[in-house]
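Scrolling down, you'll hit the structures one after another.
In the two complexes below, chain A is the common chain; its partner is chain B in one and chain C in the other.
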Partner chain A sequence: MIYRLNFIFWRLRVVMQILVVYFLWLALFSGRNELFGYNQSQMLTYVLLTSLARSIILSTTTMEIGSIINQGNLSNYLIRPINFFRYYIARDIADKSLNVLFSIGEIALLYVLLRPDIYIQSDVTMIAYGTLAVCIGMTLYFYFSLLLGFLGFWTPDVWGPRFLSFVIMEFFAGGLFPLDILPAPLFALSKSLPFFYFIYFPIKIYLGQLPIQEIIRGIFLGSVWVGVLWCAARMVWQKGLRVYTAEGK
Partner chain B sequence: MAISVSHLVKHYRIHKKEPGFLGSVSSLLSPHYEQVSAVEDISFSIDEGELVGFIGPNGAGKTTTLKCLTGLLYPTSGSIDILGYIPYERKTPYLKSITLVMGQKNQLWWDLPAADTFLLNKEIYEIPDVQYKKTLAEYVELMEVENLINVQVRKLSLGERMKMELIAALLHKPKILFLDEPTIGLDVVMQKKIRDFIRIYNKQNRSTVLLTTHYMEDVRQLASRIIIIDHGKLLYDGKLDKLVKQYASYKILSIILGSYIHPDAFKEIGDLVDYNFPRAIVRVPRGGSNMAAAQLLQKFPVEDLNIEEPNIEDIVRDIFTKIQK
Partner chain C sequence: MKQVLKYLHLWKKLTSNSFMSVLTTRFNALIFLLGKSLRFIFFLVFLGTLFSKTQLIAQYTALQAMFFYLTYNIVDTTTQLFFREVYRFRPMIVSGDFDLVLVKPINPLFRALAGGADPLDLFMLVPYIGALAYTAHLLRIITITNVSVYMLLLLNGILIAAGFHILVLALAILTTEIDHAIMIYRDLTSMGRVPVEIYRDPLRSILTFVVPVGIMMTFPAKAFLGLLSFRTIAFSCFLGVAFVSVCYRVWKYSLSRYSSASS
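The block that comes next holds the complex of A and B.
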């Protein structure tokens, strides 16, 4: 019973988040046709898509890793013939699938209720690139979250840095608003961060608003980031295992 | 040789923090680290099929040694070879042939029935269906838990949980068992059941068992050989009865008196350790125990007399306190 209630409230929270941002933009667009280079239809599509993007890209089961390490429960994983990375990849795939299922349902519901004018992408190449960008985003966020969790090898305070990363991500991942409405220097900064590829980049491709060179460039740079974070995660994991004390409650 | 440990050393780096607010601030600005040596040059080897007990006071380094052997900790220096593997490398074939049971930590999924953990272990260790069913049925019968395996683990009592832990840990028939205080907190009946299970498993599978414990009864019942560790050093490695003979240079005369004798009168026989009329306990040197007994019977109104080996607990306590001086 408790689990069921928990579930309902969780989905309610997700829907509320979408609605808040959606109505915010609706209000901003009242009496205008265009804002920051976007028309209402594009902006509202962006908002609804961020919700879908969050459910695919930003959902993860790796948040617990920090406390698993601190409380010595990592031993349970180390003692068994399990590959830690593959274990969490598998769990995340399951988690994301579940999230996407619900998210699609909720967006469909919202579409029926709110009837926004949304933009549907029809170009197959754009969809293909978009899917590739989503994969890059997922992988990046996975290794990023792992790295935050691995801080647990060195400090009992893993939530501090993680919370900070949430705050930075909310801004620089493009979850609240499309990043290109930022003034040029800030936008340039955001482009150089890995968060760029979490939400903003895949959605822009889907909206068909990026020229092909930008897309190729972005995919290349995103892949470089994947390589960097993948190496970093492996290295930090090995180092962490050496200082792991297996103590805990 | 199943297990071979050579000059194992393990140091920890601990962050030391002064208590209080100022302490927190200063630890933030200039953190102070201290090196703790948990294990200092320990070497031993264990053959296949042996059952070895590790005993030592709290903080002696026994659990640290155990964790190094299971591959959880990276040794500071020294080498460990188990079944031809280096534990720290955590290779899959190595992990499939060992198991670790910790009396103070659960490996079962808390919100699910034990049966689910068993299935999960079956997949993790790649146990074939037929073997799994047979082994599980065998263990469940031995431990008498048929109607408990589908109950959520959180609802089980400590003893029942321990039984499930053991079953889960042994499904894949490991060759090496590492048991860290498996009987801690259990009642006497449960302790015996757990010990019996371990003994039967060991006999049937010719496995090697390393057991750390504080309960001497565990050692008496299970381990033919014990290794005593204190302050990270190996104090004794050998058979249990040899320990008694080597470190206990005395025997105990357990007396029941017919009429009251003043305590000072026992001085000519030996050390009066305990006197609660009509019971008296006297320590005498090992060689002279028969003489002392004869003297006692001649000169004192003795109703009953027993000549006993000293308690293992007392011996171990003596060794620990001796080393601390």
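The block that comes next holds the complex of A and C.
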């Protein structure tokens, strides 16, 4: 809380991002009851929940890892009796807790101000599946972001790939719109990417729009992706340590 | 005239340095270009998807919406091309290095605002302008008047954007906050990717008159389509000039509060 204004502006930005998408969809629904198989209530719920999903799934402190490696500061972590992966898991939990806390407050405030007609899921099973999908998305993104950070072992250009991944992820994770409104080939492509499990999949479960077979299949495939990225992150970390020269220190 | 030439020479020098700096990391530059291109294409896909379900959005056809989106991209990219240095201003303030700018015989606002053009945005502008010209051709309403008014309001939009960037710089001096402020500006202006008419009131009025995103992004395209009266065009230009004047005053005030922290 040292940089309070910075913090306020950061949260204001989060609210702005929700409002930009919210008002866009509200406008598109004017004079329509249904669009792309969604009614207004479902779509606005989707938009509001993307904010919560972002704060839980896409908030991470691992973005700094590339710079830490490039500046040679990784040495400070390597000499400590801690596991690097677990250290960042602990930091992420703290970061996500802060994000979720404020995100819930902001969504509540927006709900009071805008009074949108939102969809409340009453089926406990769907909420449980949705929560499980959020955990999968969270783990997936953690390892995905770690992998991007580990690029720092081989190149000082770590922000370019992160920016590119951010653009691709924003589209294929369903941050601006639900992925099933896309043309069939693009939707099929999105399903084959790990980003599918970041935002779209958990929210679709919450909205009760996926049949149980598809939920189980999605949870299985998401878990496979977690396994793949976990192995990749371990492997890249080990290889990276071999070439790490603490340059800059 | 001498002053203008001096600053033009200086800008060329700073821009050339900035271009060389960006192009030393060609791989990174290429990745950024790819990212920017994909971001453009992805929103285009979104627009195309919307128009696959409806003929008109807020009374605009798909081609007209495309024209609005390209206009947004041209204003946004031109702004980033010229004012990229704003994104690098905070380290200068928190480290106290801004002192080194203040002691030089140049206008500090010029250095802080336009001291490092971004070549990647220049590369992006080329296809945008090409696509805009092609879309305008398809609309079949190209006249000298339409093009002139469009250019005038495009410049006005860039002028308003300059005003916003000056405000962000002033805020950086007063508070050291800049990163989120500039991104809030970008989020707000992103509402101009579609014609602001699609939003409901009071948001539509706010986006037109309070935070003049509509005037920046939507009005040039509307003028080209012949949907703006002469009075509205004149009012927009007046607002643009007045807005930048106010922003410049805020900048002057912020300079008087500069405390040279950390130096």
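Quick note on the criterion: the second predicted complex is superposed on the first by the 246 of 249 C-alpha atoms of A that agree within 3 Å, B and C clash if a C-alpha of one lies under 4 Å from a C-alpha of the other, contacts with A are read in each partner's own complex, and residues count from 1 in each chain.
Convention: a contact is a pair of C-beta atoms (placed from the backbone, for glycine too) under 8 Å apart; a residue touches a chain by one contact, two chains touch by 3 or more.
Bear in mind the structure is a predicted one, so any value in this text is a computation, not a measurement.
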Partner chain(s) touched by A:Val20 [first = chain B, second = chain C, both, neither]: second
First (chain B), second (chain C), both or neither touched by A:Asp157: second
First (chain B), second (chain C), both or neither touched by A:Asn6: second
Chain A: partner with more touched residues, chain B or chain C: C
Which superposed partner A:Val112 touches (first chain B, second chain C, both, neither): neither
Contacts of A:Leu35 with chain B and chain C, given as first, second, both or neither: second
First, second, both or neither for A:Leu182, with chain B first and chain C second: second
Partner chain in contact with A:Ser75 - chain B first, chain C second, else both or neither: first
Touched partner set for A:Val167, first chain B, second chain C, both or neither: second
Where chain A meets both chain C and chain B, residue numbers: none
Chain A residues within the chain B interface of the complex: 72-73, 75-76, 78-82, 241-246, 248
Footprint of chain A on chain C - complex, ascending: 25, 27-32, 34-36, 38-39, 42, 45-46, 49-50, 52-53, 57-58, 175-177, 179-181, 183-184, 187-188, 190-191, 194, 198-200, 203
Chain A-touching residues of chain B, taken from the complex the two chains share: 12-13, 67, 70-74, 90, 92, 95-96, 98-100, 102, 105, 107, 124-125
Complex contacts: residues of chain A adjacent to chain C: 3, 5-6, 9-10, 12-13, 16-17, 20, 23-24, 26-28, 30, 35-36, 155-157, 159-161, 163-164, 166-168, 170-171, 176-177, 181-183, 186
